[in-house]
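This is the structure I want to talk about, given as structure tokens.
Note that the chains are named A, B, C and D in the order they appear, and that numbering of residues resets to 1 at the start of each chain.
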Amino acid sequence: MRQLVKKKGEPMYGIFTARGRDASRLEQLSDCVFALAITMSLLSTQAPRNFDELTLFISDVVPFTLSMVAVMWIWHGHYQFFMRYGLRDIRIIVLNTFMMLIVLFFIYPLKFLSTWLVSYFTLLAKALLISNEYFRELNQMGTQMIPWSDMPELMIIYDCGFLSIYIAFVLMYRHAIKNGDSLNLSEAEVHATKSIIAHYTGIVAIGLISLFIALLGFLIDWEFSGLFAGVIYALIGPVSYFIGRKYDKPPLNSTSDHA
Amino acid sequence: MRQLVKKKGEPMYGIFTARGRDASRLEQLSDCVFALAITMSLLSTQAPRNFDELTLFISDVVPFTLSMVAVMWIWHGHYQFFMRYGLRDIRIIVLNTFMMLIVLFFIYPLKFLSTWLVSYFTLLAKALLISNEYFRELNQMGTQMIPWSDMPELMIIYDCGFLSIYIAFVLMYRHAIKNGDSLNLSEAEVHATKSIIAHYTGIVAIGLISLFIALLGFLIDWEFSGLFAGVIYALIGPVSYFIGRKYDKPPLNSTSDHA
Amino acid sequence: MRQLVKKKGEPMYGIFTARGRDASRLEQLSDCVFALAITMSLLSTQAPRNFDELTLFISDVVPFTLSMVAVMWIWHGHYQFFMRYGLRDIRIIVLNTFMMLIVLFFIYPLKFLSTWLVSYFTLLAKALLISNEYFRELNQMGTQMIPWSDMPELMIIYDCGFLSIYIAFVLMYRHAIKNGDSLNLSEAEVHATKSIIAHYTGIVAIGLISLFIALLGFLIDWEFSGLFAGVIYALIGPVSYFIGRKYDKPPLNSTSDHA
Amino acid sequence: MRQLVKKKGEPMYGIFTARGRDASRLEQLSDCVFALAITMSLLSTQAPRNFDELTLFISDVVPFTLSMVAVMWIWHGHYQFFMRYGLRDIRIIVLNTFMMLIVLFFIYPLKFLSTWLVSYFTLLAKALLISNEYFRELNQMGTQMIPWSDMPELMIIYDCGFLSIYIAFVLMYRHAIKNGDSLNLSEAEVHATKSIIAHYTGIVAIGLISLFIALLGFLIDWEFSGLFAGVIYALIGPVSYFIGRKYDKPPLNSTSDHA
């Protein structure tokens, strides 16, 4: 039965053999930490006692969803890595600990960012669609939560978190490919692993550009650098596309490169 | 030994083969989230330091039990789905994330509702059985926790949560039946899956009716619509019965419909 | 290798076959709840910021240890049951949910009791060994945490929690013996199961006596009934001994009784 | 596939057979507790609401990392033990409960210590590199967080925690070696186990020396004993080296000693 399920019911591993099917304690610990991170991002809001508090709590749904999606995005990458290679040696334990540290540490900032984004765009929409009055409120919010002048500093923090996660992924996959022989990776798997490393490296590069812009903005007091540093992440789409095009040639033709 | 236990000790899977016997990380993560949701609904009350606080804490037993039962109800549905099909592809991960989001997000409102219900019916019983004096207290409670005029709004929130969970279940089971061939579902299993989908769809329909009533009440300021929107859920019983009768014909006779 | 470990490295299952070796999601969920219950009993104390708060936190070590031991005691019973029979049908899920409810609900009262006991006996020791002055403080503590007149009420709460746990265990083991055939229980296993049921029933009987005394004390305002209701639990030792003597005859001789 | 992974992809078990590959509920519970301990050490800081609180939260990154590394260090030792022997008898359950107790109980003191260390060395660096002014602040911090005169007492607390963990490890490994026959330990495994016990015993000895110095300092009011008691832990390095040299002879030559 097991064989059967592997081949048919779980097409997500693609060409990979599910080496890490039997989740070890490392994944168990990580899953507990992921679950706690998600719950903590909600717990940061108090339990409601009357209807007003309840509606206030409910209004948190969008920022909470955003930060939960971000955590689950990382979880999915984590899940895929461990499922694909089943590596649990000391290097992976260290990299995994580092990743857990970043996830736990950035859950509050992430919630802060998503709350800010939701408040900002809600007010902006109101200001544009309903009344100019809201622009004043928009201004006020800035001073309350975060003044524009602190934006570059804020982006530096997020860039560091983002880079940490993806650098950890790159290092983990590079470790996998180094152990390719002992893991008995097929040629197609080696090719796919290289493609994944290229993707993640591209994402890291974008994060570095964002960090560079934010650092520059911080040094020369250029307020809007925060905005640019954020918008630069939109490059992930096209960069992934180009890396994908380069690597998505059928591995059969490219065997000579990897053999 | 494994074979033996499957056949005899776990009659709950009925005609289903336990494809998801080996719980994956997806279920692990979900279980952590369920456990945290249950604990959070208790944690929302402070730790008692003296006997008065302790009795106050103990008086919370009924609302806590109600919300725990609600969460375990969802857990059981979740458990059955994953045990039956063992599906863990990307679509199921997304639907599962959505379900976890709703569970975490609705645990506080659920606690709020059950606290309100218990307080209300306790006072109502006192008013009817002991003294008319309690009717005044009953009135006061309304203003404290939630005024009657906000009831339709409250019901809209709960209807959305309820619908989200059951729509997620319907989508998950529909995904299972779409993958019926690759899962090697037997004819009886396909029939049972269809029956489950019909049941859940019926429940969703009732939720939609409740939502419609609550929305109507909200728009025309009809206070008691909240009550009606809540009472409508009593229809789940008869609707489940009729759907059950339609589907509980022996699958052997109905093979022609499903083959 | 698996066979080997079962036979030699885990002598704790005694004559039982480890049917529940592969922990299911039910045990996973329960373990998360147990871990949360233990952590909550510590979390009820605030994080220390200076040395005075740190020493205050450290002084909590004895009550925390006591409540953790109590929870681990229940965990061990839970672990043994699921390891022995591997039953996970709907009846066990319901009983397990009930047990989790009681564990979560009684963790704060348990911490309260152990804090009270430790404070009380520390002061009593001081009063007896150092100075009579402490008797006044002892009196004061009563009014602060719990007056003696509320003791019977307190014991009623604990008796209910204690009884709930052990009645759940009795019902779970009775369910196991009812499914003895489908579980392929050996004769020795049936005998051992009966012995366990007798033990737990004895413990339940003592809990009932304690509850009866506490209720009586509550009705006739007899302050010291709380003390008696607590001391009665010392009977668990001798009762277990007598039940053990009755059942610990070699099962080979007693086959006629159980066949 | 399983065989293959054991031999190649997980070189960390060295000469050990991975007897505890299938993590039991004991490890599951422990992992939840470890995850909670890590999260608690972060949770002790409040969720940030504006940019100033966010930067304050971020400044916590070093102490949090330090305490997380300490917990993961213990986790890794725990992981290795259970992976190597797969023992889960009642003695191991008790020792494990004891270890969990210490981990949970020392997470706050650990966070306190790392916060203190980071604040102290940051200020010291500032005082030495920037301005003498900072020495006054350094002095003030002492009175705020912990006066120097309380240092020996503080060290006694940490020594107890440290000793508890390593004594538990020594007892667990000694239990493993006692069950060497039933676990079918190979000669190399017996040798490695003895080497580990020697290592851990050395660490315990250093902890005892530290405790002795701190106790002495506490009795004769010698403020700087706290510093000495802390610095003594630097001995772990050389002691481990000498024990390692004694035991790292190839086990083939030393069979006569252990046979």
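Everything below uses one rule, namely that a residue touches a chain if its C-beta (ideal position, glycine included) is under 8 Å from a C-beta of that chain, and two chains touch if they have at least 3 such contacts.
Which protein is which chain? UniProt says A, B, C, D = TMEM175 family protein.
Treat the numbers as computed from the prediction; the structure is a model and nothing was measured.
Colleague: For the Cα fit of chain A against chain D, please give the angle of the superposing rotation, nearest 5 degrees.
Modeller: Answer in degrees: 90, to the nearest 5.
Colleague: In terms of residue numbering, is the interface formed by chain A and chain B classified as same (over half shared) or different (under half shared)?
Modeller: Counting shared over all numbers used gives less than one half: different.
Colleague: Report the chain whose mean Cα position is at the greatest distance from that of chain B.
Modeller: D
Colleague: Just the number, please: Cα centre separation of chain C and chain D in whole Å.
Modeller: Roughly 31 Å, centre to centre.
Colleague: Just the number, please: Cα centre separation of chain A and chain C in whole Å.
Modeller: 44
Colleague: Could you list the positions in chain C whose residues touch two or more of the other chains?
Modeller: 22, 28, 32, 36
Colleague: Residues of chain D touching chain C in their complex?
Modeller: Touching chain C: residues 17, 19, 22, 24-26, 28-29, 32-33, 36-37, 40, 44, 85-90, 93, 97, 100-101, 104-105, 108-109, 111-112, 144-147, 150, 153-154, 157, 179, 182-184 of chain D.
Colleague: Help me check something: in the complex, which residues belonging to chain C touch chain D?
Modeller: Residue positions touching the partner: 1-2, 4-5, 8-12, 21-23, 27-28, 31-32, 34-36, 38-39, 42-43, 47-51, 54-55, 57-58, 61, 64-65, 68-69, 72, 75-76, 79, 82-83.
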